[in-house]
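Have a look at these structures, which come just after this line.
Note that subunit A is present in both complexes that follow, paired respectively with subunit B and with subunit C.
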Partner chain A sequence: MTIDLEAETAAEAVIDRKRRTLTIRKYVPVLGTLVLLCIMYGIGIANYENFYNTQILLNIFIDNAFLLVVAIGMTFVILTGGIDLSVGSVVALTTMVSAVTLNHGWPAPLVMITVLVMGSVLGFGMGCMIHYFELQPFIVTLAGMFLARGLCYVISTSSIPIDDPTWITLSQKRIPIGSFSITPSVIIAAIIVVIAAVVLAWTRLGRTVYAIGGNQQSATLMGLPVARVKIAVYTISGFCSAAGGLLLSFYMSSGDPLHAVGMELDAIAAVVIGGTILTGGSGYVVGTVLGIIVLGLIQTIITFQGTLSSWWTKIFIGALLFLFVLLQRTVVRRTPS
Partner chain B sequence: MSAVLKHRLFWPVAALLVLLLSNLIFTPGFFNIEVRQSHLYGSLVDILRLSAPLLLVALGMTLVIATGGIDLSVGSVMAVSGALACLYIVHQPDQGAPGTIIVACLLGIAIALVLGLWNGFLVSVIGLQPIIATLILMVAGRGLAQLITEGQIITVNSPGYRFLSAGYWLTFPFAVILAAVVVALTVVLTRRTALGMLVESVGGNPRASRLAGVSSRTLIWGVYVFTGLCAGIAGLMATANVSSADGNNTGYLIELNAILAVVIGGTSLAGGRFSIAGTVVGALLIQTLDTTIYTTGIPAQTTQLFKAIVVIAICLIQSPAFRAKLRRRPAAPVAPAPAAPSKAEVSL
Partner chain C sequence: MEQSRPILVMRGVGKRFPGVVALRDVDFRLFPGEVHALMGENGAGKSTLIKVLTGVYSIDDGSVEMAGEPVLFGGPAQAQQAGVSTVYQEINLCTNLSVAENIYIGREPRRLGLIDFRRMRADAGDLLRSLGIRVDPGSPLAAHSIAVQQMVAIARAVDISAQVLILDEPTSSLDAGEVEQLFRVVRQLKEKGLAIVFVTHFLDQVYAIADRITVLRNGSLVGEFRTADLPQRDLVEKMIGQELSTLESLDQQKPALREVEAGRPLIEADDLGRSGAIAPFNLTIHEGEVVGLAGLLGSGRSELARLLFGADRSDSGHLKVDGKNVSLRGPRTAMGQNIAYLSENRRADGLVEELSVRENIILALQASRGWTRPVPRKKQDELVGRYVKALHIRPSDPEIPVRNLSGGNQQKVLLARWLITEPRLLILDEPTRGIDIGAKAEIQKLVVELADGGMAVLFISAELEEVLRLSHKIAVLRDRVVVAQLANTEDVDADRIMTTIATGVTA
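After this line comes the complex of A and B, so read on.
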């Protein structure tokens, strides 16, 4: 009896240890991003005057609030093992529709609701096609990308300025934090981040997202609502793109069919650098936030350096992507499947 | 008749023909082809000539997709190869000398091969997912191209280089001949030898192929290098067409058009089978669509809207799930049937 108990405790200890190493391993990609972030920040402070200024860090959020929101939606999609290439175009379409409807005298709240619904509907449609017709996310969202960008040009082929008072207030207002300040967009982005993190970590929807990314077939056999959740993540991504588009229209005060060209790549890069694994099933919203800060820091350092041209940003992002997928690769390989 | 209808190239070819015929409404002389100074002229010839770069890129993409992969970096590879060739030409005293042009082309192709080797290395040796492995070069390659051109647009003044895109040889546009030769060589290599079947087997199941004695790794590496080569040649053509290299815009969005051409041609994105004839039809269809939009006077940028409709339509037609649903409930074909929750799904 005692022997049995001892064996049991020993077995439990082994399982416990395994679980603990697994838990640690789960966080390795995110921790890697955090370490990189600290190193980059350290390099910045060591080399450039005034880099330590907290406002520099806050400016990263001010300049990238829209990208952050878009990347949050992308995180949901990538966690299920899918991909959404349409985000940049949906962002551009949102700025166009906002600009046109505002110029037609629609009230600001109605415009916001309209574009958010429009983005969600687009995402919902793509999700339905992916799930019910078993088409690949890559090709469906590619079509969505062309569709939304084409619609932008149907609305107008040139930039449309926005002079609605609400938009102007939202773009110019600064909210003081101590001696520093942020924009309302940062607060909106922060709220979306918190909601997304809570949904992913503690709701049934969130857990199903991870389950589908881990193994869709198992998730289906377990009786999880795969259809509903898969369509939901694309709807969420569409909603986030529209929200990101609103933030961009605050930031730019215009609607332009050329806004956010290539933003899908930045969003995917931020999600991957943030430690979310592209095959799905593993990753955190926190990682995506860190990924955005890393992208922002690259731009900031290049601006501070002054001698480096803007195209170095792309090369650095490419190099970082490479580093992180290598890191993921080694982590995934070591994890017993 | 039903055999014709069921042929997998029926819908793409039908779409191409409809599109070509619809051009007659806007341009009565659309199908006219004439020989002037022993050069072929006409809208159809223009479509062929302009589709050459896309056709080459799509050809490489076909083989990559057949192995179950994808190459997003082709546009960037085009930009890098074109930029390097143009950079070499502008630094030579005689920009039009045949030697200069040959060295420039070899340089462009060499760098494209190196980039292809890099992609293949990441996918086959390190084992990264193709989409992410090539995404790295897609992002970094644009930076690299701008680094080469120093953010400027390099303009070359070399009739010899322009010949690559706009020249004529034996009454045919040289670009068309070059593309046709590459396509023919690929068809011979893949369909007259076992190579094509091996590529398909790797795409179908890499592990089973390896156990059956197919060297999957070399084969996968090889197709990425081939795609790099095709993109390199396409980059030379694209920059020759405008006599300038622009790191930002050379080959912009061509990866998506190429993937589109491949998918329209009936090659499954899941890998395991491919159709070069289909890709040729797909590339021609896309170029015809672009040309048609230009000639009808609709704002050129709205082409994307039509492309979206074409992609959705072709994908739906090719989707077995969609066909099954059509057959099951012919009364309401558009409404998606609610899926039974217990239905086992196989993710693609």
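After this line comes the complex of A and C, so read on.
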């Protein structure tokens, strides 16, 4: 059986090679995003004066801190193989509730706690529906999206300005970093990013999120708390939406039922461009951060360009999304299940 | 072993599904330090018994005792807590995580509330080494073969305080070397005093590893035997009841000796080929002829079949059906030429689990008639009734959803679906894989009958004996080339074909 021995050695070599490529392949989508980012940044610097200014990069975070926070929650949901369409509406609802309660004279900390609890409860409710009634996340969160948006209009059909001193401070304060500056919102977003990354990488909750995304049936049979974790990710997403809503209300200094229309789609785009696979089980928080920077860079480049209308942003985002789902497809297809 | 107390006792267990009694008054006992094989045909109730035990299904009658205490598990997780772990045929792990994570997920070692990955990998390495499994614990599970994944699943199960380990058809997709590797692990666990339930179809494996055998048939207990006291022949008889005679009569017959009246050539492939899939080949299939394809996995058997069915398009040569040139642009044109193809992955291949046996069988015929001309219900009942009877589809009620049938019976339903379209060439790709001996014998018998009735059959099987038993002519494939075509005469045997496969030269 000498043939067999040779074949075995050859087979082992093939498996070794496969193992190495698989280990690398895990990071391909994120690396892809990073490369894209560098190229775009390079294009920006090459073509536009002042693009190299670090403040440009920081401004991306300042202008997108709320979206980043929302996208972090979305990352949890997508990693389990789910989707949360309600986030944009919950953001808007948060701005409305904040504005109204502040105008009624509620103290700022109480308002913040109230909206965060409200967002979490909404997420929790949708999570329960999805898990216990085995409903499609798409439909349940679509219902949540209409519900939250409708509630905004029940509160008021028009914009409500916020003149609470805490809010004004938070929106106007600049924290210097060397000769540059950021807003408190960026710090809050950064803290949430770090916590999310640690939770996903180093806690049982986080690893169970990946396990469910990898194979929910297996996760159940392995005795993992699938119900708890699935509900938890929608609760986290609800919490992040509310937190994002707070940041948006700092940024806009108003509550408006028209805030954040379609933001759920921007968040999903950021997560996907960041290399998280829509079927779940693979992706990183850092990818989502990169995804947000990519979206921000597109906006910035178009602003610098000056002649293109801002709608070109959407066209570029669309093209990139196509590119990334294609990339994911080739990566996922070649991975044996 | 005999004198110790059983770790697990099931008494008078019964389970009913709508329209089916899956288990009837079954007893089962299991001792520490033994490997206990659970045997039976498809649909005998093996899987159901396991699922009742582990709490996947609720129990309708009877009781389960573990170490003398009555138990009733609410689900696999609860059973695992109590020391009953199951490793399934389909790997129930998460391939996107590392080997170590798959072993420890849900109970990872932690430091300061965070998972201690370094310790986890070290622990996993120790555990795997102690079981003689050589795998890098940090590598992603997806990088490993099914056999290794299977062993990782066992390592996980054992590490979670398993007293009882259930292996549900663990060897179905493993090759001989991998099976031996798995058995080494199983023997080691047995030494350690674990009680192991081994569910399988493979007789040789049972005799290689099991101490005791419990046989089920049609949901009832046939008996519990010591392996040493039960010759293989008797085991087969107990599993399939009176149908053994069918099997034996087939065994002795060699079709080429049955005086082949080769009819007109039906299919003539002339230098037909597809680059990267199968080298150009010539093959003639006559009416009433069974042509067997022999060759190893990946030798191009299925690729050849797919060309004849138009599932892939050829890029060289041409194909004649009935002496007329045809170009198969897809399965639909092939079906128009009365060619039917039962592919090897039947699960993925068009069984609609929610529909009834009747509806599933009638699908292809209905499709060929077009939806504007429904098959009259009376004709449906008549056709379906005939094939349910001819193929011994069980349960015999055609209104039962296909999902309630066992694997072998689902296979027969698919076969029936093609047969009622009255194909002239029937391509069977591994039709008997993963089904039990009884169903296998029935399918083999049917192939002979169909050929006798004038149908041409292209029969693909990994089991040489089966190919030899049924074929008039055998085409041998090696590395995607048809290396030989042998008339299946007296002097052709498994040895000769194996030599041809190994050397590429007709011996």
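Points worth noting:
Everything that follows uses one rule, which is that the second predicted complex is superposed on the first by the 317 of 337 C-alpha atoms of A that agree within 3 Å, B and C clash if a C-alpha of one lies under 4 Å from a C-alpha of the other, contacts with A are read in each partner's own complex, and residues count from 1 in each chain.
In this section, a residue touches a chain if its C-beta (ideal position, glycine included) is under 8 Å from a C-beta of that chain, and two chains touch if they have at least 3 such contacts.
Here the structure is a predicted model, which is why all the values come from computation and not from measurement.
In the superposed model, A:Q299 makes contact with neither subunit B nor subunit C. Touched residues of subunit A were counted for both subunit B and subunit C, and B has more of them. Once chain A of one complex is fitted onto chain A of the other, the partner contacts of A:R207 are limited to subunit C, with no touch recorded for subunit B.
Contact with subunit B, but none with subunit C, is seen for A:Y132 once the two complexes are overlaid on the shared chain. Judged by the touch definition given at the top, the superposed model places A:T114 against neither subunit B nor subunit C. Contacts of A:V154 after superposition on the shared chain: subunit B is touched, whereas subunit C is not.
Contacts of A:V198 after superposition on the shared chain: subunit C is touched, whereas subunit B is not. Contacts of A:S282 after superposition on the shared chain: subunit C is touched, whereas subunit B is not.
Once the two complexes are laid over each other on the shared chain, residue contacts for A:S171 go to neither subunit B nor subunit C. In the superposition on chain A, A:Q217 contacts both subunit B and subunit C. In the three-chain superposition model, subunit A touches both subunit B and subunit C at residues 217, 220-221, 223, 225. Interface of subunit B with subunit A (complex): residues 70, 126-129, 131-133, 135-144, 146-147, 150-151, 247, 256, 259-260, 263, 269-270, 299, 301-309, 311-312, 315-316, 319-322, 325, 336-337, 339, 341-348.
Across the complex, subunit C meets subunit A through its residues 76-77, 80-81, 86, 88, 91-97, 101, 105-106, 108, 110, 113-115, 117, 136, 139-140, 142-145, 156, 160, 177, 502. On the subunit A side of its complex with subunit B, the touching residues are 81, 83, 128-129, 131-136, 138-140, 142-147, 149-151, 153-154, 157, 216-217, 220-221, 223, 225-227, 257, 265, 268-269, 272, 278-279, 309-319, 321-322, 325-326, 329. Per the touch definition, subunit A reaches subunit C in the complex via residues 3, 8, 15, 18-19, 22-23, 26, 198, 202-204, 207-208, 210-211, 213-215, 217-225, 281-282, 335-337.
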